[in-house]
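Two complexes are shown next, each including chain A; its partner changes from chain B in the first to chain C in the second.
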Partner chain A sequence: MALSFKLLENVFLSSKCHRQNALHPFCGPLLTNCISKLYSSYRRPGTSPDNTPLWKMNFSFENGVDWIKKNFGLLKKELVDHVKGPEGRGFEEYFLEQTRVVWEFRSQKDLDEWVVSSDAEIGGKSEAYLKLGKNNQTALLFGTLSTEAPRDGETGYSGYCAIRAKLLKGAFDTKKYYDWSNFNSLYLRVRGDGRPWMINIYTDPYYSHQKDDLYTYFMFTRGGPYWQEITIPFSKFFLSSWGRIQDDQYPLWLDKISSVGFTLGDKADGPFQLEIDFIGLLNDRAHTEEFAYEKYERNPKA
Partner chain B sequence: MCHLHLVSLPTYAGIMPDNQTKFLLLQIFGAKSHPVRKYQRFKHVNPYPVPVPLPQEPIDLARISLQRIAADLSAKVTVYQMPLTDILDSGKEITQPHIVGIQSPDQQELLAHHNPDRPVFVEGPFPLWLKKTCVYYYVLRGELLPPGEKGEMLDSERNFYYPMHLDLDLDRGPWDDEEFDVDEAEEGPIFAMCMAGAGDQATLAKWILGLQQNNPILSQTPVVFHLAPGPRELLAASDSEPGEEEIPQSRRAQQER
Partner chain C sequence: MNPHANMIIMSSLILGPMITITSNHWIMAWVGLEINMLAIIPLIAKQHHPRAIEASIKYFLTQAAASSLLLFSIINNVWNTGQFDITQSTNTMSSTMMTAALTMKLGLAPFHYWLPETLQGTTTMMTLILTTWQKLAPLTLLMMINQSLNTSLLVTLSLLSMMIGGWGGLNQTQLRKIMAFSSIAHLGWMTMILTLSTKLTLLTFYTYITLTTTMLLTIKLLETNKMSTAMTSWTKSPMLNAMMMLNLMSLAGLPPLTGFMPKWLILQELTKNHMTIIATTSAILSLLSLFFYIRIAYYSTITLPPNMTNYSQQWRHKNQQKPYLPLMIITSSMLTPIMPTFMMIM
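Let's turn to the complex of A and B:
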């Protein structure tokens, strides 16, 4: 019953993303040219909330049919993959793998899986662009940072740029997660220009009041023409929520990771660039640390 | 929550708080408080720390940044030219920018094996950030050879008494396979790097002449300059830049011909 209702809605809805919060379970957010509220619920101070009613939106039959075809294809693929093994990989691969390449940048399709944002969204003056590098073998994130704060009376600081992987979507836009429980470190092959970046890992927690949780760690680039291989164990990621580092720290759980992002906010005005060759996972058997920060309560009330 | 705001900024800004901040934090908040704990955790996180305070003099700055990007502890830094401002008798000013170069023994060997028929490229300037200062460096690199023309590998049967090429990785056992199933992005070999006060061809030609002292093969190799007027991305090369010129470095060779 719910499925048929969903299909009916989708036959008539086009690719605009109004009213995402209310309609999200029913309409496929066809994210072609706008970044939907899946990623952030920020509204620029001074703009009014978007309240166009449903009957004013454009309807398109073609998009609906495309959407149905695509999702049935994905559903079939999911069923077949479920028979093959976890996440579509065979069992030997799942049990014996020690390395896995999660994102590599070899074509425009790989670049489309990432979303670039900068403080231009809050009114700042930074710019950030993502494009394929030389020989289509790397991704180049470049732009300019400007720490001049936007004058809207609310924002105090500015000057950041970020890139984040799009959320995984299954058939009919169900939420899917990465399961990285076989691994314990993140491996990046990058070439930066000396700036310190932050790596954020977004998980999907059970309780919705933890939805702004973020696990972060720093990535210090050396600069220079040589490639830099960075291995960061997941035990080093610290928990922060809404941008503030939390007092009580908990280790990162690897079984429900929704996306990964890189942020630059080092308060230095000027151009920046970062080239990423690939992002992979590593199971470092020599790394036995469970968590780098104290798990006990540090300032007990009693 | 104001103290959180205070301390969260430096952590996210890539600036490590220093002793003064620590003292202030201790005084204001007490030894066991949240900001102090945060400071203690992230003091030594940077694997490539930038010296504080950063030297202002260009030669020292160039030396430190070249050693940082060379990634090789046995690399040698040579100062090819000191900055000089001369006023001639006629009142004309001649300024000489500084040129500091770096080359490691591995790079020297690669250059010695380079085929002198193929050109080498001087590319630049590329930006390098040290905290808040941006410096620019230039690179001497060769082309990526197609797989058929790579240099000869050492014949494994050349010497039966001991192995000529040893690749022992004693930290890991044979059961650990940490290779990634991806073709890494390959680029041509890098022969040397330098930092100069001015980015024009004459200055960099002086650098090449200085490099020739230790790398005699440079005198026979054509050098192509790919210089951009402003800072460039590290990858963009060969398509369409101004200032592309070839210098057959061998005036002597020409005279011989």
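Let's turn to the complex of A and C:
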């Protein structure tokens, strides 16, 4: 039944719907500059809807062939990596590693793995940009934070900027996850301006009622020319949903990590800067805490 | 959990498969399956961790879909044959749909995707119940209707399960997921011989329950969920760690351990029925599972100091003695020499 609704939605050629959605499931790869919408037809707020008429779409058979080659290549790599070991690396390497660099910023390709967002999407006036730092060795996130709320009659608060790593995609746009179960701490080498940031870890749950769940902790930066090496144990991350800290706290499970993000929302108007050298993982053998937050029974019986 | 709720849930969990096993009427069998499914859902989600909730929803959706398909096939069978007797399910299309529904409930390939995720999201004890007790009712129904099942379809599903069970478990590091793929592979062996000898299926099932129970109780006692923590578990109980290696070899089907017995008998039965190529293929596919069992045994038992591991020692909690575990370890290792007794019983 869900499939029939989806098909009806796709073929309903009204001026208000996206006409190309009807074609995407069948010939999406053939269209030039086509973004896969296999997961949803979500359009990011602030971006204009794409109402390109059918006769202006540029179908390219070469695009389809390239898509097939790329995805079968990825599939072959996945099959070979499956034999090698977890995440394509041997078991000895998996068991013996104590540190791992997950994201580093050395080229534009590394920057393209991140998405920058701000409250401009909801009509706010903050700005955020991401570029390569000096000598292409770091990433520089900079911009201006503005807590002025948009005048739409609904929004009461504003003022945030964020970056988030794009989700990993496998062959044929299947979801892939990081397995960080070998490590117990997040390691960041950053240089900030004294502002407090929030680090969010997204575990991409299977069902949509948990899609807003994030594991969050704070990163306090110092201003100044010296680099800061921050180690945050995963046991410190607390569960929040839609920005609200949950009463029932649970530890972060590290076998299925999807994305990491940084958010600035300290209600201080003005410019900001955060330079990131790399983001890595650490197996700190001195850290034995399993979970930092105890669960107390509410309304305990006497 | 509230003791009253716990009592109702546990009694329903036991009652459901009992109803299914002892019924001749299809609707009663289906009711037993439903009671069983509904009883285990709160147990899977007992921790209330987001992953446990996700596991329980996945379990519920898959089992509900399988139940609805089973009910549809039952109604179809009644429409064609005019009766609800389980042993008289002779309609071909109904049998095929029943096969699909029951294999979905069991977690056989190609309907296996829910099993590793569900087992990973829940506790070790629930993993034990899901891999042993929950297989009882669907497998019993398959055995009851075995005469009307399509042998080719079952053999295909079995080979696919063995392949996927072996291939999927290859680079896993979480022990519960490894047990899930082990379960898929073993179910493949059980269904392979279903149409030829239900007694062998039953023997394989009992052996599988013994081995899996021993393994999961060992994992629970050692408080280890990952291969990395299994590497330091020898400090808690060196003897149990050594026995775990034997149990893993038994799961792999190496002689002269217990796990070899059902595999040997199945291969013998297949060869007697001129299915030599299938027997050879099954034996070769079991090598995939053997690889990851040996890997766990190597990293947990054979790798010892002075080869230092990368992992710090775990907290040592008060040891929860399980007095029946030694008996289970003996049963899971030493039954092959008394195989003639089983042959006589069968």
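What we mean here is this: the second predicted complex is superposed on the first by the 231 of 302 C-alpha atoms of A that agree within 3 Å, B and C clash if a C-alpha of one lies under 4 Å from a C-alpha of the other, contacts with A are read in each partner's own complex, and residues count from 1 in each chain.
One rule holds for everything that comes next: a residue touches a chain if its C-beta (ideal position, glycine included) is under 8 Å from a C-beta of that chain, and two chains touch if they have at least 3 such contacts.
Bear in mind that the values here come from a model prediction, so they are computed numbers and not experimental data.
**Student:** Give one word, clash or fit, describing how chain B and chain C relate on chain A after superposing.
**Tutor:** In the arrangement built by aligning on chain A, the partners chain C and chain B fit side by side.
**Student:** Could you look at A:G85 and tell me whether it touches chain B, chain C, both or neither (first, second, both, neither)?
**Tutor:** second
**Student:** As a test of reading the superposition: which chain, chain B or chain C, is in touch with more residues of chain A?
**Tutor:** The larger set of chain A residues in touch belongs to B.
**Student:** Touching A:T138, do we find chain B (first), chain C (second), both, or neither?
**Tutor:** After superposition on chain A, A:T138 lies in contact with chain B alone.
**Student:** Touching A:N182, do we find chain B (first), chain C (second), both, or neither?
**Tutor:** After superposing on A, A:N182 lies in contact with chain C but is clear of chain B.
**Student:** Counting only touches as set out at the top, which of chain B and chain C does A:G270 meet: first, second, both, neither?
**Tutor:** first
**Student:** So in the superposed three-chain picture, is A:S235 touching just chain B, just chain C, both, or none of them (first/second/both/neither)?
**Tutor:** neither
**Student:** Draw lines from the C-alpha centre of chain A to the C-alpha centres of chain B and chain C: what angle do they form, to the nearest 10°?
**Tutor:** After fitting both complexes on chain A, the angle is 130 degrees.
**Student:** Would you check which partner chain A:S60 touches, where first means chain B only, second means chain C only, and both and neither mean what they say?
**Tutor:** neither
**Student:** Which partner does A:Q98 contact after superposing on A: first (chain B), second (chain C), both, neither?
**Tutor:** Once the two structures are laid over each other on A, A:Q98 reaches both partners.
**Student:** Considering only the touch criterion stated at the top, classify A:R285 as touching first (chain B), second (chain C), both, or neither.
**Tutor:** Both chain B and chain C are touched by A:R285.
**Student:** Per the contact definition in the header, classify A:S146: touching chain B only (first), chain C only (second), both, or neither.
**Tutor:** So A:S146 meets neither chain B nor chain C here.
**Student:** Compute the least Cα distance separating chain B from chain C in the superposition and give it as a whole number of Å.
**Tutor:** Once the two complexes are overlaid, chain B and chain C approach no closer than 8 Å between C-alpha atoms.
**Student:** With the touch criterion stated at the top, can you tell me which chain A residues are shared between the chain B interface and the chain C interface?
**Tutor:** 98, 285
**Student:** Considering only the defined contacts, which chain B positions touch chain A in the complex?
**Tutor:** Interface residues on chain B, with respect to chain A: 1, 4, 8-9, 11-15, 32-34, 37-38, 41-42, 45-48, 65, 68-71, 126-132, 134, 137, 139, 141, 171-172, 176-187, 190, 193, 231, 233-237.
**Student:** Along chain C, where are the residues that touch chain A in the complex?
**Tutor:** Within the complex, chain C contacts chain A at residues 47-51, 53-54, 57-58, 117, 120, 167, 170-174, 226-228, 231, 295, 299, 309-312, 315.
**Student:** For chain A, which residues count as touching chain B in their complex?
**Tutor:** 98-99, 101, 104, 133-135, 137-138, 140, 142, 157, 187, 189, 191, 193-196, 198, 218, 220, 222-227, 238, 243-245, 247, 265-268, 270-273, 275, 277-278, 280, 282, 284-286, 293, 298-299
**Student:** Taking the complex as given, what residues does chain A use to touch chain C?
**Tutor:** Counting only chain A, the residues touching chain C are 82-86, 91, 94-98, 179, 181-182, 203, 205-207, 210, 213, 239, 248, 250, 253, 255-256, 283, 285, 288.
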